[in-house]
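I've put the structures underneath this note.
Note that chain A is present in both complexes that follow, paired respectively with chain B and with chain C.
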Partner chain A sequence: MGQLPPHLELQRSRVSCNKDAPIHTESIQYSGAYASMGIDNSSRLDRFSNNFRVEVVRLNEDDMEFDMIGIDAAIANSFRRILIAELPKMAIEKVLIANNTSIIQDEVLAHRLGLVPIQNDQPNEKNTIVFKLHVQCKRGSPRITVKSDALKWLPNGSELVKETRNATSDSSSKPETYTYFCCSQETIPEFVKNPIIPKYPDIIIAKLGPGQEIELEAYAVKGIRKTHAKWSPVATAWYRMLPEVVLLEDIEDDLAEELKSKCPVNLFDIEDLGKGRRATVARPRACTLCRECIRGDDWEKRVALHRVKDHFIFTIESTGALPPEVLFTEAVKILEDTNA
Partner chain B sequence: MNAPDRYERFVVPEGTKKVSYERDTKIINAATFTIEREDHTIGNILRMQLHRDENVLFAGYKLPHPLQYKILVRVEVEKHSRGLLMPV
Partner chain C sequence: MEHGSFTDNSAATFSLTDEDHTIANTVRFTLNQDPRVTFCGYSIPHPSEARVNIRVQTTGDPAREVLKDACQNLMLMCRHVRCTFDKAVEDFKASNAVKAMKIDSQDSSGDDSEESE
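On to the complex of A and B.
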C-alpha cells in the first residue's frame, strides 16, 4: 500500500485553519476516494484496531482528560452525545410536601431538589431512594439556610402515612406508607459500604425566616437526560481535535521574538543556536486556535495551523454520581447496545 | 403548551416498528430506512459507516423535523451487491 503525496495526505488527515475559516473539515470516508492513485481508503477492522489508541492524560475523582487517536469525528460526537444525554442516573423526581411555610414556593423547592446530585453508584429501576427533609426555624432565632446536607436518607422507606379510606380498618395492621420496602435498604450490600448522601453537602436549597418550616419527602428515581437535565451524570463533556502548529520556514532572531510574544499560551520557544535564535514549537497541545500567530501581513506564509482529524482530546467532568472513567465505559456499552 | 413529552424522544410506542424499510420507486437498488425515536447520535455514525463500505453508492440521513423523533437513512448500493444488512 503506497503513501499519498504530502499535499493529499494533508488534505485527508488535517484541518487547515486559515485566517478566515478552516478548510478540509470533512472526513474523506469514501473508500474509493484515492482509487486513481492506487491507495485504498477503505477502513477495515484490523487496520482500525492497529491504529486506535486511548491515552489518559489526567484522571481525578471528578474529571478526566484523555486522548482518542484513530477514530472518526462521527463516533467521537456520538460518545459525547451519549455521555451527556443517555447515561442513566438517579435524581429526585417526586416530592411529597407535608408542610411548607417558607417563602420558596412548593414547585420551586421541588425543582431545586431535583437538581441536587446524589452520590449513587448503581442507578437501578428497582431501587427508589427516599429522602427526608425536615427543617424548622424557631421564632426568635435568626434566619436559617437550608443546605443539602439536611437531606436525610431513609433506608426503611417512607415515613409518611397514607390516609386509608376504610374507616373500619384493623387497628392492628401496620399503617400504610407511600413506599413499601420488603427489607431495609441498609441491608443491601452496596449500600452498606456507601450510604447514600447528596454529593456536595453545602448546596443551598432554601432559606427560612423565623417561624417557617419545611417538611417533605423526596423520591429519587433513575432517568436519562433526554427526559430532563437533572438526570445528566456529567457536568459537561467536550472534545477538541489535536492542534498542530507547523513553521513553514525558519524564523530567526527578531521575528522569533515577535512570534513568541504574540502567542497568548506561550507555545513557541526560542532556541539559541550560537549564531542566532530560532523559534520552535514547544507545546502544540496548548494551542487554543486564537490565530494570533497568523495575524498581520506575511505571517501566514511562515506559520501554518492545523488540526489532526482523527486525534480527539476528550474532557469529561462528572457531577459526582459516578467516576468519569466508569461514565465513559458505560457510554461505550450503551453505544454497543443500541447497535447490536 | 404544544410540546410533546420528553420521553417521546426515545420510547417507541406500541405497534410501531423501530426500523422500517421502503424501496425507492424511481431508482433501482435504493431504499430508505425509517428508524423511529432516534436522532443524530445514531444517524451520523450509521452514515459514516455506510460511506466506508465499497458497495455503497449513496448514503445519507436526515431528521425530517426536529419535533418528530425519527430519522430517515437513504442508501443506494451498486448493482451486483444486494446485501441489505446494516454494516455495524
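On to the complex of A and C.
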C-alpha cells in the first residue's frame, strides 16, 4: 500500500482553516476514493485497532478531558450525542404535596424539585426512590430558606397513607401507602454503602415566611434526557479537533516579536539563536483558532492553521450523579447495544 | 423495514423507526468503509417523526448482509474503544497515585532533614 502525495495527504487528514473559512472539512470515507492512485481507503478493524489511542489529560470527580486519536468525526459525534441525550439517570418525577402554604406555587415547587441532581450509583429500573420534605416556619421566627439538604431519603417507601374508598375496611389491616416495597431499600448492599442524597446540599428550593409549611413526598424515577432535560447526566459534553499551527517559513527578529504579541493565548515562543531570534510554536493545543496570527498582509504565507481530522479532545462535565469516566463507558455500551 | 425489489438484492432502502442521526451517521460511516458498497446514504424524511431511511447499494452482495456486517463492525469498534478508554483511565489514575506518593515522600524526607538539624 503506497502513500498519498503530500498535498492529498494534507487534504485527507487536515482541515485547513483559512482566513475566511475552513476548507476540506468533510472526511474522505468512501472506500474507493483513492482507487485511481492505487491506495486502499477502506478501513479494516485491525487497522483501526492498531491506530486507535486514548490519552487522559485531566480527571476530577466532576469533569474530565481526554484525547481520542484515530477515530472519525461520525463516531465521536455519536458518543457526544449519547452522552447528552440517551444516558439514563434518576430525577424526581412525581411529587405528592400534602401541605403547601408557602408562596411558591405547587407546580413551580415540583418543577424545582425535578431539577435537583441526585447522587447515586446505577439504580434499577424497577426501583423508585422516595424523598420526603417537611419544613415548617413557626410564627414569630425569622424567614427560613429551604435548601436541598432538607430532602430526606425514605428507604422504607412512602409514608403517606392512601385513602381507601371502602369505608368498611378493617382497621387492623396494614394501611396502604403509595408505594409497595417488598423489603426496605436499606438492605440493598449498594445503598448501604452510599445513602442516596441530593448531590449538592445547598441548592435553594423555596423560602418560607412565618407560619408557612411545606410537606411533600417526591418520587424519583429513571429517564433519559430526550424526554426532559432534568434527566441529563452531564452538564455538558463537547469535543474539538486538535489544532495544528505550522510555520511555513522561518520567522525571525521583529516579525517573531510581532507574531508572539499577536496571539492572545501565547502559543508562540521566541527561541534565541546565536545570530538572531526565531519564533517557534510552543503550545499548539491551546490554540482557539482566533486567526489573529494570519490577520494582516502576508501573514497567510508565513503561518498555516490546520485541524487534525482524527484527533479529538473530549471534555465531559458531569452533574455529579456518576463520575465522568463511567458516563463515557456507559455511552459506548449504549451504542454497542443499539447495534446488536 | 426494507424496501427493495425482489429481483435485485444488492440495493435496498432500510427504514428504521425511533432512530436519529446518532445511529444513522455511524452506520453510514462504517458502510462507506466497506469495499463492497457503491453507494450509501441516510435521510430523515421529517424531523418531527423519528424515522431514518438508509440507502445501500452494493457490488452484488445482498444489501441486508452488508448492513448487518457494518453493524457488527461498529459493535466491535465500540468494544475496542471502551477497552482502550478503561485502560487509559487506569493508567492515568495509577500514574497520579504514584505522583502523589512521590510528593508525600519528598515532603516527609524534607521534614526529617529539618528535624535532624
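Operating definition for what follows: the second predicted complex is superposed on the first by the 340 of 340 C-alpha atoms of A that agree within 3 Å, B and C clash if a C-alpha of one lies under 4 Å from a C-alpha of the other, contacts with A are read in each partner's own complex, and residues count from 1 in each chain.
Following the convention adopted for this analysis, a contact is a pair of C-beta atoms (placed from the backbone, for glycine too) under 8 Å apart; a residue touches a chain by one contact, two chains touch by 3 or more.
Everything numeric here is computed off the predicted structure, so don't read it as measured data.
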Clash-or-fit label for the pair chain B, chain C on chain A: clash
Contacts of A:238 with chain B and chain C, given as first, second, both or neither: neither
Which of chain B and chain C A:228 touches, first, second, both or neither: first
Chain B versus chain C as contact partner of A:81, first or second or both or neither: both
More chain A residues in contact [chain B versus chain C]: C
Touching partner for A:66 - first (chain B), second (chain C), both, neither: second
Footprint overlap on chain A, where chain B in one structure and chain C in the other make contact: 29-32, 42-43, 72, 74-75, 77-78, 81-82, 85-86, 335, 338-339
Chain C residues within the chain A interface of the complex: 21-23, 25-29, 32-35, 37, 71-82, 84-89, 91-93, 96
Chain B residues touching chain A - in the complex, by the definition given at the top: 6-7, 9-10, 40-42, 44-45, 47-48, 51-54, 88
Residues of chain A defined as touching chain B within the complex: 27, 29-32, 42-43, 72, 74-75, 77-78, 81-82, 85-86, 224, 226-228, 335, 338-339
Touching residues on chain A, where the partner in the complex is chain C: 29-32, 40, 42-43, 45, 48-49, 52-56, 59, 66, 68, 71-72, 74-75, 77-78, 81-82, 85-86, 325, 328-329, 332-333, 335-336, 338-340
